[in-house]
Structure formats: C-alpha cells, structure tokens
C-alpha cells in the first residue's frame, strides 16, 4: 500500500461519521415506514451511461427494489459525463442521481449546486494501465512517457499525483494528456499512449483486448478511495425525506445483492453495460460495491481540491460535513 | 491582294443532338462563305437563325457536323489567337483592369512577361480611344466602353480575322451609333478582316462592304448584297435607304414563308 | 427629419450612430446578463464580472487546473486551427477545382463528399487517434475535416457556375485549357472560394473542442473549457468561450479584409 491511510484520530473520526450516517439511516427508515408516496411525483433520477460503478442502480431497477420501497423512480437522464449530470442537477431537473464524487463535489463547491451525497455507490475501481508490450515496470519508469488521465481535478488525476508523489515524482515529469477513457483505448491501440489511469470497465477492456495490462490497481494507491455516489438534491432531501430514505434503502439492498450474488451481478453488469461477462467480471474484481461513505477519504479529496485551487473550499471539514447526508 | 480569301467557311452544317424529351436541332444547313482579306462584312438575320453558332464554329469554339473552316490554307478546329471573337456581352474578365484585360492574351502567349504585355496593351487601349481608363475595372465602365476594351483585347493578340457577335446589341441608340462610327474608323486604320454579325439591318448596311443575309431553322445563307457605298455612310441617303429596304423586305418575306426563300 | 414614407426606406445611419449602436448592443447584452445573474435567474451561469475576473487571472496567473496562461491556451489552439485550416484550404481548393472542372471527378467524388460532410467532428475523434496517434496531429486532422468540406464544396460550385463565356473568350485569345483553368476559372470562382474559406474557418473553430479531446498536451482553449467543466469552474469555461469567440471574430475580420482586397473588382 502506498498511502498510509490513517492515524487513530482519523479512524475515530471515520467511526463517528459512520455511526452518524447509520443513525440517520435508521431515523429516516423509521419515518419512511408507511409513507406511501406512490401517488406523488416520481423521483427523477439520472445516471451515467453504461457505468459499471453504478451497477446498483440497474440491479435496484431490475429487481424492483425501488417499487418494494414504494418508490416511483423515473430515469429522466442518462448522461455521458459527470459534469453533464451535475448541470442537470443545477437546472433542477434531477432529484437523485448516480454520479462520480469528483464532479459532484466540484459542482457543489464551485457551482454552489444544492446537492448532497446520500450514499456511496462504490469504492476503488480504477487502475493504472500500461501499454503491452511495455518498458514501464514501475512508477519510476513513468517519467518522460505519455500518460493520460480524464481531466484535471478528477479522482484519477489525484490518484496519479498520489502515486507519483510516493516516488518523489510529479505530473511535470510525465507528458500528461487529457482525454476521455474511450479515447484512451484507441490512443493505446495506435501505439501513441504509454499508460493511462482510468476507471472500469476501461481497465478491463484494455486488458481483454490485449492493449495493455494493469500496473497498479487504484486501491494500492489509495485504499478504498471514493468513486461513484448516489447524490440527491438538497430540496428533494428536505421536502421528501421519506422518499430519500426509501431510495437509500433500495440502493443499499441492491448493493448487498451485488455482493451476495456475484454471478448474477456479473450477468446483470453485462446486460447494463454491454460488456462481455468475462470483461465485466474482471472489472468488478477491482470495484468495491458499498453504500458506506468513507467520510475521511472524502475529506482528503476535498483538501486536495482546495489545495490545488481546483475548488473554492475554504473549510474542507465543514464542506464535507455539509456535503455528506447525516453529518 | 484585296480579293484573296482570308477565311473560308465551306459547307458548314450543325446539328445539336437531341436528348430525352428534346428533339435534335438542325441549326445550320450547308453554309459556305468567304471573307476577303481586309474586308468588313456583315451577316444579318433574325434572332435564332444560327448566326452565333456560325461564329462559334468559325472561331473554333464549336465543331461543325459537316464542312470545315479554313483560315488561309489551315483548318480551324480549336480556338487560338488566330481568329478573334468579340462577344455580345463584353465577356471582359471582371477581376482584371481594362489594361490587364487587354494584356491577357499576350500574357498567355509570352509566359510571365507581364510588363511587356502591359506596354503593348497600353497601345491598344489608345487605339480604341480608351487611354486614361487603364486601371478601371469592367464594372466601372459603361457598356460601350466595355466593348471598346473587348475589341482592344481581341486586337492585342493580332488575329488574322476578327469576328463580332452583335457587339453593340445591348447598347442604347446613341452609343450604338458612335461605336459603329468608331468601328468603321478602326477598320479604316487597321485594314483588319472582320465579320460583323447583327440582327439589325440598318447596322449591317451602315458597316458592311458586303452583307450576307441568313434565314432561320435551319440557318441557310441565301443572299449576298454588295453595298457599294463609300465610308462614312449617310443613313439618310437614297442609296442607303434603298439597300436597307431591299434587305428588310427579303427578310420579312422569308419570315412569312418559313423554310422557304429558295 | 425628411423621412421616407416606409420604414424600410429609411436613410442610412450616420457613421457615428452606427458605431455607437454596435457598441451599445454588446454593452446591453452584458448588462442584462449581469442583471439577470444578480437576480438569480441564470442559476450557476457565471456573471460577466466573474468571467472578466477569470480572464484577468488567466492572463496573470493561468488557469487553476492546467496551470497555463491565456496566451499558452490561445496560442496552442490558434496553431492547431491555422495548420488544419491551411491544409484544408489548399486541399479543398485543389480538389474543389478538380470537382468543378471535371465531370468524371465530380460524379465520382460528390457522393463521397456529400456523405462525409455532415459527420460531426466529434465522431472522428477515435479514428483521428488511430490514424494520427496523439498530440497535435489528430487535433489538426479534426480541424482540417471541419474546414475542408465547406472549402471544397464552395470552390466546386464556384467552378461549376462560373461564366463559361469567359473561358471561351480566353480560349479565343490563345489561352490553353490549363491557363483557362488557373487564370480564368479560378479567379472567376474567387468569390465562392472566399465564401468557402470563411465558412471553413468558422467551422474550424467549432471543431476545436472535439479536436482537443484527442489527448493534446496540456494547453488549448477547448481543453480549458472541458477541464473547467470537469471541476465546475464555469467562469473559466465561459472565459474560454469568450476567447474563442473573440479570436474567431478577429480571424473572420482578417479574412474579410483579404476578401475585400482580392475581390475589389466586384
């Protein structure tokens, strides 16, 4: 493991957050019981297109977990990127959405979007991939090579910086290129990209297509780093707390289902994303499906954004308290 | 050597092939005509009688279906500087100044020797009375001035024969008259062999030593009139009026009896 | 005022009035934008003031994500645009002349061109990377594609529609077919060529975002916009848009100047 993730105070803080979240969860569950909202407006939900990290959404939808909770969920938007989905939140078009934590936090900090993180969707699930065949066998070999990450300020950007920092290197030592993950695969195929750090399933696809191999799983850079979340708009949370709680329960049920039925989860993942089951299975081995927010990790990410001047966050701790539901 | 033939059109016929829904058109029927060296002849006939087609063939822009065009002893089968053509609309190059329109043909011939071409062109602009307008673009010139430049442009490449296709047809009466006088005067100075095509009998009689009369559909050449008046001509003189009347009555006669005239 | 009876017959505006009006329009636009923003009607849209601040910061410090100044971004984009556009102008004019001149070439090329023309630049990203790898080359390629078709089609239609009499006149003056092509048909088609060039240059700018998604280095206005979107620093995105618009406008003005010079005979 590259990054020591915690002093005891951090661990205590994490425990506190976790128990607070749990308390809220129970509270909301209690008020949510018997709250039959099927007659009211549907919950307007968005998610990213074919994003394996957001499998819980698909499982909940297919397995009827939303209906079980008395929820009427309407998918009003399937987005190509997190920022686009956050724009929909901003425009008031979404009550809830599965989205990456990075664009969500950036939109809240910089765009003053009224959005909160209801639950985690997954942790980990990215990797540093090197072209095959390669002369890069360790982080020390990266300098001078062309390495792609999705955008500055993304979780993958931070992961790459962290990985480099562990060897006393920085982005300046590489030729960094910014591009969307699908393009990374074609760039690697054309032989012009030496390595990339991206989320699944692009890692598994690069491996399956023989383009590259995983050099470093992102959990080895930063164990249990946050990734996708289930976000809700502040007004939805405030005005329809019962439905928010029901949404959370359905999400947690789906997450548990993924972990308890791995084979079926792979099948459903293949359905959801259009990947083959082999690739989906390989990708899912690197993804940790969980609903628990890792508050400490979120705080660290907020600090990164603040320190790099990427987001207008004055007090990261206060920001995270406000951002995470139940803090 | 006045009577030596310079341009001979021999048995020219032209048929435009039909396409789907469009029947084939016989535009010219067995036309033979000789231009003597240094002669100013006119070809007159109603619109649509194939006058323009005839000129295009003579200039090498179109191939006849039958017959041939001889310039001296050489056959004309493609355009080149030998037979000049002045178009109905001046066809000046709008992106070139008057001077550079005139120098165009010389530039084409002498490669890139533009300065020499422009010096030559200056003389030709002077010849047509357009000195001082060297740097004007065609759109800045009146219709009559444009035709003067167009004539200078054709003269500059020193053609053996100059064909003019109703060059004054779209001008107002005043400029038309003055350009006719100008053309006679230019011909007197240069002695160039010219064939002037018009549908205006008055113009033909004013200009031509001989006037060829054409009838339409298919275009045939039937009569040749020797005008036999000296220059400059007086449009009101009895001889002028008489010849004009004769040609007009002939043309109106064949107009009433289409296909006839023989 | 000695007015005319109908509103569409009004006298020309005084030059000073025209200048004042063309300044007033943008100012009113900025004012309304700032006002609506202050009233909270524009949601997260950054205000003109915030955008101006971002622009100043771009000049003095660079942006917060890529750490490059405005000049670096604009310079990198300008280079890509001008390279792609220059290639498109040359190739489009050449092929357009061929298409306009030769019926065989026209029949063969037209279906291909008409099919490829509507494909948006974004769709080419993957192929651009596969063919031209990374960095500036695929970006230049995408800009080229954007600019190429307008140039090609306008040149071709100019060559098709030019007044054949001019070519015939040139031929009777002794010009060879090749001379007619280059010395008559091409200058006669020049107005169309310029239309094509101006449209092409505009489309080149519109392809910029797509062009800079192919993994260019760390600078470029398109990249700036995409990156600021990723971290929701929208004032930098809008600042990038303003710069694209401004530079595009300046280039168009330069084109118009060239056009006015070369087409002064019209």
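In order of appearance the chains are A, B and C, and numbering begins at 1 in each one.
As a convention for this text, contacts are C-beta pairs under 8 Å (C-beta built on N, C-alpha and C of every residue); 3 or more make two chains touch, one makes a residue touch a chain.
Please read all numbers here as calculations on a predicted model, not as lab measurements.
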TODO: Could you draw the chains as nodes, link the ones that touch, and say if you get a line, ring, star, complete or other?
DONE: line
Open item on the list: Which chain has its C-alpha centroid farthest away from the centroid of subunit C?
Closed with: B
Task: Pair of chains joined by more contacts [C-beta pairs], A-C or B-C - done: A-C
- [ ] Report, in whole Å, the distance between the mean C-alpha point of subunit A and the mean C-alpha point of subunit B.
- [x] 84
- [ ] Express in whole angstrom the distance between the two chain centres, defined as the mean CA positions of subunit B and subunit C.
- [x] 48
Open item on the list: What's the distance between the Cα centroids of subunit A and subunit C, rounded to whole Å?
Closed with: 38
Open item on the list: Per the contact definition, I'd like the list of subunit C residues that touch subunit A in the complex.
Closed with: 43-44, 64-66, 125-126, 129-135, 213-218, 223, 226-227, 229-234
Open item on the list: Taking the touch rule as given, give the residues of subunit A at its contact with subunit C in the complex, in rising order.
Closed with: 81-83, 86, 90-91, 102-103, 106-107, 109-113, 146, 148, 150-154, 175-180, 182-184, 186-187, 189-193, 305, 308-311
TODO: Could you pull out which subunit C residues touch subunit B in their complex?
DONE: 163, 165-166, 168-176, 179, 183-184, 187-188, 190, 263-266
Open item on the list: Can you tell me which positions in subunit B touch subunit C when the two form their complex?
Closed with: 59-61, 78-81, 83-85, 87, 89, 91, 93-97, 104-105, 107-109, 137-139, 153-154, 157
